[in-house]
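For reference, the structure I am asking about is given below.
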Amino acid sequence: MISIALFGVLALVAIAPIAVATSASPNATGIVYGACLIVTLILFLIALEILFAHPAASTVVLPLGLPWLGAHFRIDPLAAFFLVVVNLGGAAASLFALGYGRHEDSPQRVLPFFPVYLATMNLVVLADDAFTFLVSWEFMSLSSWALVIAHHRVQENMRAGYVYLLMAGFGTLTLLLAFGLMAGGDGGYAFDAIRTSHLTIGTSALVLILVLIGAGSKAGLVPLHAWLPLAHPAAPSHVSALMSGVMTKVAVYGFIRIAFDLIGQPQWWWSLVVLAVGGVTAVMGVLYALMQRDLKRVLAYSTIENIGLIFASLGLALAFKAYGMNVAAALALTAALLHVFNHSLFKSLLFFGAGSVQSATGTRDMEQLGGLIHRMPQTAFVFLIGCTAISALPPLNGFVSEWLTFQAILLSPQLPSWGLKLMVPAVGALLALSAALAGACFVRAFGITFLGRPRSPEAEAAQETDTNSLAAMYALAGACLIAGILPGIFIDALAPVVQSLTDGRLPVQTGGQWLSIVPIAESRSSYNGLLVFAFMFITGMVTAFAIHRLASDKIRRGPAWGCGYPDASTLTQYSASSFAQPIRRVFGSVVFGARETGEMPKPGSIAPARLTVRLRDLIWDYAYAPIANAVGVIAERLNYLQFLTIRSYLSLVFGALVILLTVLATWP
Amino acid sequence: MHSITFDIAHMLAGSLVLVSFLQLYQDRLSALLNMFALHAFVLAASVAWQAYAQDAPHLYITAVIALIFKAIVIPLALRRIVIKLGIHREIENVFGVGLAMLLGIGLVALSMVVMLRVTSGADPLAREDLAFALAVVLLGLLMMVTRRNAVSQVVGFMSLENGLVLAATGAKGMPLVVEISIAFSVLIAFIVIGIFLFRIRERFDTVDMQAMDRFREEQR
Amino acid sequence: MSIGALEGVLLIPALSAALLAVLPGYKLTSRLNMAAAFFTFAIAVSLFIVEPASGRYLLVDDLNKVFIVLTTFVAFTTSAFSASYIGHEIETGRLKPAHVRFYHAMYQVLMFAMNLALTANNIGLMWVAIELATLTTVLMVGLYRTHEALEAAWKYFILGSVGIALALFGTILIYMAAQPVIGEGPDAMVWTILMTQAARFDPDLLNVAFVFLLLGYGTKVGLAPLHAWLPDAHAEGPTPISAVLSGLLLNVALYALLRFKMLLALNPASIAPGPLMVTMGLISAVFAAFMLYKRRDIKRMFAYSSIEHMGIIVFAFGMGGPLANFAGLLHMTMHSLTKSAIFFAVGHIAQIKGTQRIADISGLTVTHPVLGWGLVAGVVAIAGLPPMGIFMSEFLVVSSTFARAPYLVVILVIAILVALGALFLKLNTIAFGEPRGSTAPAQASYVPMFAHLAIVFAAGIYMPEALVTGFQNVARLLG
Amino acid sequence: MAVIADFALQGAQMLLVLLMAPLLTGFVRKVKARLLSRQGPPLLQPYRDLFKLMRKDVVLASNASWLFRIIPYLVFAATWVAASLIPTFRSGLLFSWTADLIAIIAVLGSARFFLALAGLDAGTSFGGIGSSREVMIASLAEPAMLMIVFAIALIAGSTQLSTMAAFMNSADVGLRVSLGLALIALIIVAVAENARIPVDNPATHLELTMVHEAMVLEYSGRHLALIELAASLKLLLYVSLIACLFAPWGISSPVIAPLPLLIGIAAYIGKLAVLGFLLAVFETSIAKMRVFRVPEFLGAALMLALLATLLRFVSGSF
């Protein structure tokens, strides 16, 4: 099993040189993405097989990496699940890119890195020792960095790549410190050794904080998220989909692997930290998303929101695990993992849609779009499904995982500790708020982009995207629907994973009547996506049929009602920013330090009235900018040392000598 | 029972330190050069005495080198340069002589503390010599960093190196001493030639130096 | 008498130096230079097979074997690079044939000096060899005879001489410490004998000696605040020499330091040299990392990055322990290969663009893909990103010492991160963005550069057993 | 047999809510009119309106999309399904476990989602005003509603409406602070969700002040009929939700016997009348507030509900 998976990864790596060799030829795109599609599909099937057949964890040690240790690889249920996520996303992205990649103007900067990127993400999940894990982890960042700066002539892309690489390096070094603590001074880097080694409370706590920072910076936890909304939009869209939909999940995997598997029994207060960070991240992410004009940036920020949701569930799971409430822990963890899977589906779908829009209109600025539903009906349809799913609306899959999270929260009064008693409801409120705001955010995203009237000639002239891209998007949309109406199957598939991490599991779901899901007991709570979908479908159909039969089915077209002022201009429509204005008024002043200044021309003057809105990214201003400035200042100061005279340099040597001698003279 | 030999060696080494102080005290180049000649001469004497005390004849070579090369040739050459560059009566201390002297005293104290707590095992002659040698080395360095002028810096370097030779000869039966002293003479010759060829004087000058480096960083 | 491999490593450079001093024509001489370097390398490799015994003046053990092979290998590749580089310099007339003859002779003299320093079994001999190496490089740095070149050479010369003097004082002190135990005469300067007796030396004397040696040889290693000569020497000299300086000379000085550290480590009563080295290493790493930001000259920038890495290496050796020492050795090897590879690339770049000013170089991956991506790979490696070898060594350094000295390691990590930021800040403008400057095709020999990068890449993923055991033995030696 | 009966009851429930909804709306209008000492439209006026609208042609805005034409059916279906999942006269219906309270709220959420999209489809500024304000209100009302659900669910130990109703009906509820808070919050949310005064005015047609009406401004004919019907269904839904949670008396337990069912239906209609009357009184007694006062109004609800939940968490006795 593991060996087949590794061969798959090897095959992916082997595609890269082919890409380099053929990148000149026009059909390189087809070759590379086709190959990637095939390999990732194979890996996907292998992972599925492992997940459902769940055999014992299979391991292999290759004579690579650290010489005396070798490179350990291992597939257990957790790894298998994340392999499913990674390769499903990879396959979809490859399929999408078969069409989308043809619009790429510099393929030689994308093709070689794409398969490597896929391979590294697989390797992170497969790795079973600290060194292999970190190498794959950082190499993953590196290859995605190369993809982010594929369009290197655009300055902001370079900046995005720069910030991204720095944050990635920061995260990796933090994880490195964490592993240093876990492995101790004598280098027990294999995960088995780490599992068996017993850390002191303090050490494991420090490890958890470090991991939360390291994995969190890759996943995009506030306030470590700054790189994400820069880097994800900068990359080509199929890569953005991978980064948002899959790579953040690999980061989540890193957190789960270490926090749930490696460092043993958690302390209850860890969950306080994780819960708080998760809740804040969820709300901040979606609020940022509501303020963006750039479609792909909206999606990137909403990724941050979903990561927050996932981490909140993970925090709950930690809390339950700390108090040995295994079933509850299983519920929370299932919610988290299911959301990982769901988000990877619809976020990829949405990025594909955004990519199609971009290649059709040449812009991602929503203020330039509009009315695309008439010109790209199919894209609009699948994008709408994605929006519905990510807004956690039944009967689609986003709702299921959110519902499970709420069910887990409802179990938490049994937690003994007071901190949690106060924290959990607050986090619950934050999650509910973020869910509602997400709905608003995607009404805005879809409505402004696809509905209304086109706001620019490019949007006017847009064409429906190609079949490959559509195929990828339809596949993901279908997956969203299935995961939404038949969640029981997926929850059961997660059971072995959850069991291995929490020693608890949910009751078998697929056995219940009408395939409804029952986390604890039917008297307590249950949800049946299938029936909800069926009811809505049937009632809707029946109503339509009845009305068209018995009443009228006539249609007349007329101009839209404009209060008697029929306006030709499309600028009088609600724009992205005006749509967000009420919410900005409610939350903005606190979160963004938003200032609105309107200037009205004097009566009689024909000068336009103008409203200027200033939003500040407080986190950037107060966390990142100071650090950057500090580095700049220190560099400036030290730089004087470059321009001294030989005499001054000699005095440095002299000083050093005297100091050392004095140290010696005063040595005890 | 070599108390006499010990005292004389002690006296010579100590006077070497004294001369170093005298060098620090000078603020005119010409006077400084004289002082250096004296320094080299004292060194030669001390080396010779060591050669006699340890009856190590090869040390005489070192003594002779010191005498001829350092006490006579180099000072003369430098004097010519100084005259050529017309800086023989220039005052070029970075800060006042008094402060320099104070620092010097501090350095001597430091070297004493370091060395005397050190050589508990070694024999007294070597111990004293080492302490003085270290003092001379440090004073030489101090001179290099407190003088602006290339020539006086070379003088500083040479007195530093005198300290080394003192230490080397003080170390009983140390091989390669002669070779090392020769090597250093070559080195110094290089430096002097360098000064002579490239008119290094202005290259040392603070302001100009900065301008130079700025120039290197900005332009090109 | 039979000439063993050990002597061969010294004789070939010496003889070829004499030969090259007289032969005309740069085509022939550069070939000869390569050949000589190659044979030296071959013989150095044979050291692993023939295992010659250490003599009275020359010694060979696991420690210096590693250094010798590394030195001779990089010397060989650099000579290959310098062949094409010098050819270009001749065409553009920046160098005259006479200069080239001098250059090649000096090159071999330098090789001789370094090999001597590495094989010398006598602390005095070692000191002489390092002084010789210094003087040679001084002359080569000044090769272009430009204002700045002479400037840099002079700075190097003065600081170097002071360093030499301090190192000599330290050496004398070591002798003084050894002499009462071993007795007067040369024996008290022979490594192999010193090692056996070290435990009985006067510890305080050893301490003072080590301070002087640390400062003296540390000047050569380029540790801050003794580093001042290094950036200018790298920036102004011919690029092959920059490669040799960063790749080899720093290592040779480091080797001397390590030897003396071992000596002190054998004497329990003496202060542990660790803390001193750790402090100097951290200072150098942090300082150099920040200095990277304001650099405008591409060669000077990479010179500062050498200081940073020397800091990391010294830190690793200072921390000690089998893992950290292993990491230090690995890091040193990888740094030599990577940095010289980078200088190969930079040399060609500077020749194509006719400038070393970073602001005037842009979009290399567009105009010169091979060179540009080569540089990117080099910077990726030097910044400590996987899958290159330096990542492995940094992984080992940080992870193995964090548990012991968390605060120090955090400082080191910050330095690494700051350096990463600076390097990629510059790389972004050099390798990417709108192309600027000449787009003339490069007539360059990419073989040396990519050979180095390939080794570094391979080492990051797979290390052969023999190498590992060798390193581990050395790491054990270093305690 | 029993299964058929169950199906029949479920169907009856669906028809009941569908039929009662316009009546409730008409009743509220009537009472309001009377309180304003107007004659007011007859009780059955809403039915007439609906049938009239049904038979009229649809006038679509020139650039309305296919989505615009689907949405009325979607919204109606979603609201109807949600409404028919609330126990009205009998708990434990056949499909009652299809969706618990959280899911029902979410189903309503999807109805709102699509309605807001409809507002943006025509590309007029009024639709935009409507939907942007609607989502703003929703972004506060939905979390408040969820918190209310949490508070009650934590008391009842379930989010299953039948179970909750049964629990509230049982003796061991007692008087609880958290329940009181939850009730107040629920009323506020219900008012906001149904676009009633003071949050919104269902009767106004001054575009700038309206939210819900502005959003559906472009709808006409059968589409408008469905939207209106959905609106009254929603009102009915919230009223019967309050009824079944806070006045669960008379809801017949899951047995199939005519008498309890009749009692249940009678009790249900009675509750609707009372609550509708209260709503009318409430609406006539206060004035509509400015749009940007609404967030504070709803924020209060959110805080109350959160407080209720917190109390529950801190100790079971609240």
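We call the chains A, B, C and D, going by the order they appear; numbering starts again at 1 in every chain.
The rule is simple: a contact is a pair of C-beta atoms (placed from the backbone, for glycine too) under 8 Å apart; a residue touches a chain by one contact, two chains touch by 3 or more.
These numbers come from a predicted model, not from an experiment.
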Original post:
What is the minimum number of touch steps required to go from subunit A to subunit B?
Top reply: 1
Subject >> Most distant chain from subunit D, judged by the mean position of its C-alpha atoms >> reply: B
Subject >> More contacts between chains, A-C or B-C >> reply: A-C
**OP:** Find the geometric centre of each of subunit B and subunit D from their Cα atoms only, then give the gap between the two centres in Å, rounded to an integer.
**Re:** 99
Subject >> Inter-centroid spacing, subunit C versus subunit B (mean Cα positions, whole Å) >> reply: 31
**OP:** Calculate how many whole Å lie between the centre of subunit A and the centre of subunit C, each centre taken as the average of the chain's C-alpha atoms.
**Re:** 44
Subject >> Centroid distance [mean C-alpha coordinates] between subunit D and subunit C, Å >> reply: 78
**OP:** Would you please write down the residue numbers of subunit B that are in contact with two or more other chains?
**Re:** 114, 117, 141, 144, 153, 203, 217
Subject >> Contacts with two or more other chains, residues of subunit C listed in rising order >> reply: 154, 158, 162, 207-208
Original post:
Where does subunit A touch two or more other chains at once, residue-wise?
Top reply: 642, 644, 646, 650, 653, 657, 661, 664
Original post:
For this entry, which pairs of chains touch?
Top reply: A-B, A-C, A-D, B-C
Subject >> Touching residues on subunit D, where the partner in the complex is subunit A >> reply: 54-63, 65-67, 73-74, 76-78, 80-81, 95, 97-100, 102-103, 106-107, 109-110, 112-113, 116-117, 119-129, 131-133, 135-136, 138-143, 146-147, 150, 153-154, 157-160, 163, 207, 217-218, 221-222, 226, 291-292, 295, 302, 306, 309-310, 312-314, 316
**OP:** Would you mind writing out the residues of subunit B in touch with subunit A in their complex?
**Re:** 94, 107, 110-111, 113-114, 117, 138, 141-142, 144-145, 147-148, 153, 203-206, 209-210, 213-214, 217
Original post:
Touching subunit C in the complex: which residues of subunit A?
Top reply: 63-68, 130-131, 134-136, 138-139, 142, 149, 152-153, 155, 158, 161-162, 165-166, 169-170, 173, 176-177, 179-181, 183-187, 189, 631-632, 634-636, 638-639, 641-642, 644, 646, 649-650, 652-653, 655-657, 660-661, 664, 667
Original post:
Which subunit C residues qualify as touching subunit A in the complex?
Top reply: 154-155, 158-159, 162-163, 166, 207-208, 211-212, 214-215, 219, 225-226, 228-229, 231, 271, 276, 287, 290-294, 321, 323, 365, 380, 383, 385-387, 391-392, 395-396, 398-404, 409-410, 413, 416-418, 420-422, 424-425, 428, 432-434, 460-463, 465, 468, 472
Original post:
Hey, which residues of subunit B end up touching subunit C in the complex?
Top reply: 114-115, 117-123, 126, 130, 133-134, 137, 141, 144, 153, 157, 160-161, 163-164, 167-168, 171-176, 179-180, 183-184, 187, 190-191, 194, 198, 200, 203, 212, 216-218, 220
